[in-house]
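In order of appearance the chains are A, B, C and D, and numbering begins at 1 in each one.
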Amino acid sequence: MGAPGSAELREAVWRANQAIVRAGLVTLSFGNASGVDRDGGFLLIKPSGMPYEELRPEHLVAVSLADGTVLGSDLRPSSDTPTHLVLYRRFADIGGVVHTHSTAATGWAQAGRSIPAFGTTHADHFHGPVPVTRPMSAAEVAGEYEAETGRVVVETPEAAGLAAAEMPAVLVASHGPFPWGADAGAAANNAIALEAVAAMARMTVELDPSTQPIPDFLAERHYRRKHGPDAYYGQQRR
Amino acid sequence: MGAPGSAELREAVWRANQAIVRAGLVTLSFGNASGVDRDGGFLLIKPSGMPYEELRPEHLVAVSLADGTVLGSDLRPSSDTPTHLVLYRRFADIGGVVHTHSTAATGWAQAGRSIPAFGTTHADHFHGPVPVTRPMSAAEVAGEYEAETGRVVVETPEAAGLAAAEMPAVLVASHGPFPWGADAGAAANNAIALEAVAAMARMTVELDPSTQPIPDFLAERHYRRKHGPDAYYGQQRR
Amino acid sequence: MGAPGSAELREAVWRANQAIVRAGLVTLSFGNASGVDRDGGFLLIKPSGMPYEELRPEHLVAVSLADGTVLGSDLRPSSDTPTHLVLYRRFADIGGVVHTHSTAATGWAQAGRSIPAFGTTHADHFHGPVPVTRPMSAAEVAGEYEAETGRVVVETPEAAGLAAAEMPAVLVASHGPFPWGADAGAAANNAIALEAVAAMARMTVELDPSTQPIPDFLAERHYRRKHGPDAYYGQQRR
Amino acid sequence: MGAPGSAELREAVWRANQAIVRAGLVTLSFGNASGVDRDGGFLLIKPSGMPYEELRPEHLVAVSLADGTVLGSDLRPSSDTPTHLVLYRRFADIGGVVHTHSTAATGWAQAGRSIPAFGTTHADHFHGPVPVTRPMSAAEVAGEYEAETGRVVVETPEAAGLAAAEMPAVLVASHGPFPWGADAGAAANNAIALEAVAAMARMTVELDPSTQPIPDFLAERHYRRKHGPDAYYGQQRR
């Protein structure tokens, strides 16, 4: 019996891993993208520490959603796998998760600041400020650190009353961004958009530290152009 | 009957779309370039949400200048098409329009600041500060949002008494740059110059927040080197 | 009779033009590199406004050092040619000149600030702060503008008692850098080093605005490692 | 008798030199990577001033650890070779040394500031703040300058009670970074990580100058994920 994961899913998750590299979000081997097979009950994720230029779809490691065991592979999954598992378990409607240490988003995470919605690029992807988590406690870090990281990620939009699809990214304080999406490709796109938004927001506060977030009516309009029943962006059926 | 648009125009508009990508102005599929056929009464524009690497000249969507209907294509035009239409209708002498969310220009737009003319790079392309629009009202955003965006774009240089050819770009507040030009290629060049100018101006205010714009005699000299009857830049007839 | 300029010189000047593009110093067609044939009494320079990707060695335009006339070409030389001519005439020991609008160096030029010698990268190439010119007067700008630009360039190191070889670059206020060197390749290297030095110096003043220039004993040591009779950098004879 | 250095070591050191170029850490020919053969008693290092695009594994120069003489080569070794020698002699457990003038790390070095541990990217590679050396004295600079540079490098982690493996990089004040590692590839990875960490830390202090370093329990956890007997990152045996 071979490793689980259809050729299509393996290809899609592999493409998402390549997309974050091509977009310049990855230094060395920091960062990973995963995708989920809900019916099969497993995720596919990048092996730990493997150089991106060597990565092939067949290297992706399948890990059980139920108990976190590796399925049909001799490779270790990313050390961040327990974080991904927590996200897939709590957010039933997501299909992909990404983690990077991209420079601008990590700059905000290290400063412990949420990224305000300063413009329409932000509003096209994120419904409100991209939140930063609270600092993790010594007990959380000493315990199941990666799973606890997942727990502070999921609690953060929930504390703000936001569904996973509305706010598809969280900045882990002192660490970096965890974006997600409907599938691995959408999660990679959100990672790329987040880095662009973080770089623009940095420049905005440099140019005018008193800049206010955009009004709700503008944020809402942009968000609805791309999301939900009235979306009119892209090549949906005309 | 095929889709309208000569092979030359399709090639030129396609090249302008590729130029803004190669220059690093485009994240994901944000951004678009269009060109106009005044005699034919239509513009050609990028399809909505189509990845740039898949874009071919034949994908460009023709849209009627008169009534905004799609001509001979099953693809949706860019969701920003109504903005482009307003610009082509009001500015009779322009032949190309570009929109991007390029980082530095968008940083200024999000801070709600016009870009001062701090140097000759600026003066070579823009006749005075590149203006930022007023914020759009709730009614404008709730209504024909993209067409209203075009209206605040065109009112901005007009309020300053500037012709479209003198100030070939406006920053839409909280959104990003809309440059234009005599054709799609010129509009793309103005988009590229604007991003360079925005990045340099950011650095200039960082190094000395009290920097004053260059004097009119210098701005005028540079602008006239490249524009108008006394231009002596490039390979015009000697 | 063909155009003047040996194949070797044409190749060297062409390479210098390509080097400043590859190093990211050039936006659109801003920027140019020239080289001189002192015995032949002419310089070779990039044609005005020609895209770098089309440029071939045979396109370089020969211009007489004596009277500035174009020799054996139907192409217009760069509009900055009169500036290059002034530099070659005044600085008898230089063989190449470059001009760019590279972002960081232009940021300093626009802020009207000399670049302090904050580190050894600087000292390896420039003997003291890279000076910014005084602002040009209305009369200078209205007159032979490009030749007057050359005059403020040459007066700037001279006012500081520096030989051309000691300070191979000047920032023209509100404009951008003019580096030079023993030949076109050396001028391009100084342009590249200057942009790196400008970017690092910007960061240094951001991190600590009170940073002082390095002491003379360190600057001198580094400068002498690469220049003069006691140089011991590179593959000179051992 | 040929030049010393196994094909494997030459290839590894050559790859490390290429890696720092590909990662954007190198301007012109600034920067070099070396690797050591402890049994053979020599290091292999880049020739002085040789362009990276011409560099081949056979060009690497072998230099005796005992007395610094060149072994079996007509090329001059990097002018920084005496610095590398001091590091290999003092730090018995390192196998590779890198030196660059990468922009962000050099910005911190020029400002004379250590890089605080603001996040987990930092903690994954460096055990505490990356220290900056004291300024070198006039006597040190006038004497065996490159060897003295090595001496201030090695005294810096030692003064803080840190082993070479815990803090595999030092910023030389007014100069730039010297990272090292278990072999040339590890040293190059530390150089790349250091530049990323320096850029993120710059952004963090811009966004909030009062940001505090991460707590020890978090730094320790991340450092131990990748280093020492309990490491669980990468493809070690499962």
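We take it that a residue touches a chain if its C-beta (ideal position, glycine included) is under 8 Å from a C-beta of that chain, and two chains touch if they have at least 3 such contacts.
Bear in mind the structure is a predicted one, so any value in this text is a computation, not a measurement.
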item: Steps in the shortest chain-to-chain touch route ending at chain D and beginning at chain B; value: 2
item: Shared interface partners, meaning chains that touch chain B and chain C; value: none
item: Far-end chain from chain A, centres as C-alpha averages; value: C
item: C-alpha-based rotation, chain C on chain D, 0 to 180 degrees, nearest 5; value: 90
item: Interface residue identity across copies chain A, chain B - same or different by half; value: different
item: Distance between chain centroids, defined by C-alpha means - chain A, chain D (Å); value: 32
item: Length of the line joining the C-alpha centres of chain A and chain C, rounded to whole Å; value: 46
item: Chain A residues counted as touching two or more neighbouring chains; value: 202, 206
item: Chains grouped in pairs wherever the two touch, ordered by label; value: A-B, A-D, B-C, C-D
item: Footprint of chain B on chain C - complex, ascending; value: 27-28, 30, 47-50, 74-76, 79, 101, 103-104, 106-113, 135-136, 138, 141-142, 145, 174-176, 202, 205-206
item: Complex interface listing, chain B residues touching chain C; value: 23, 118-121, 124, 189, 192-193, 196, 199-204, 206-208, 211, 214-215, 217-218, 221, 225, 232-236, 238
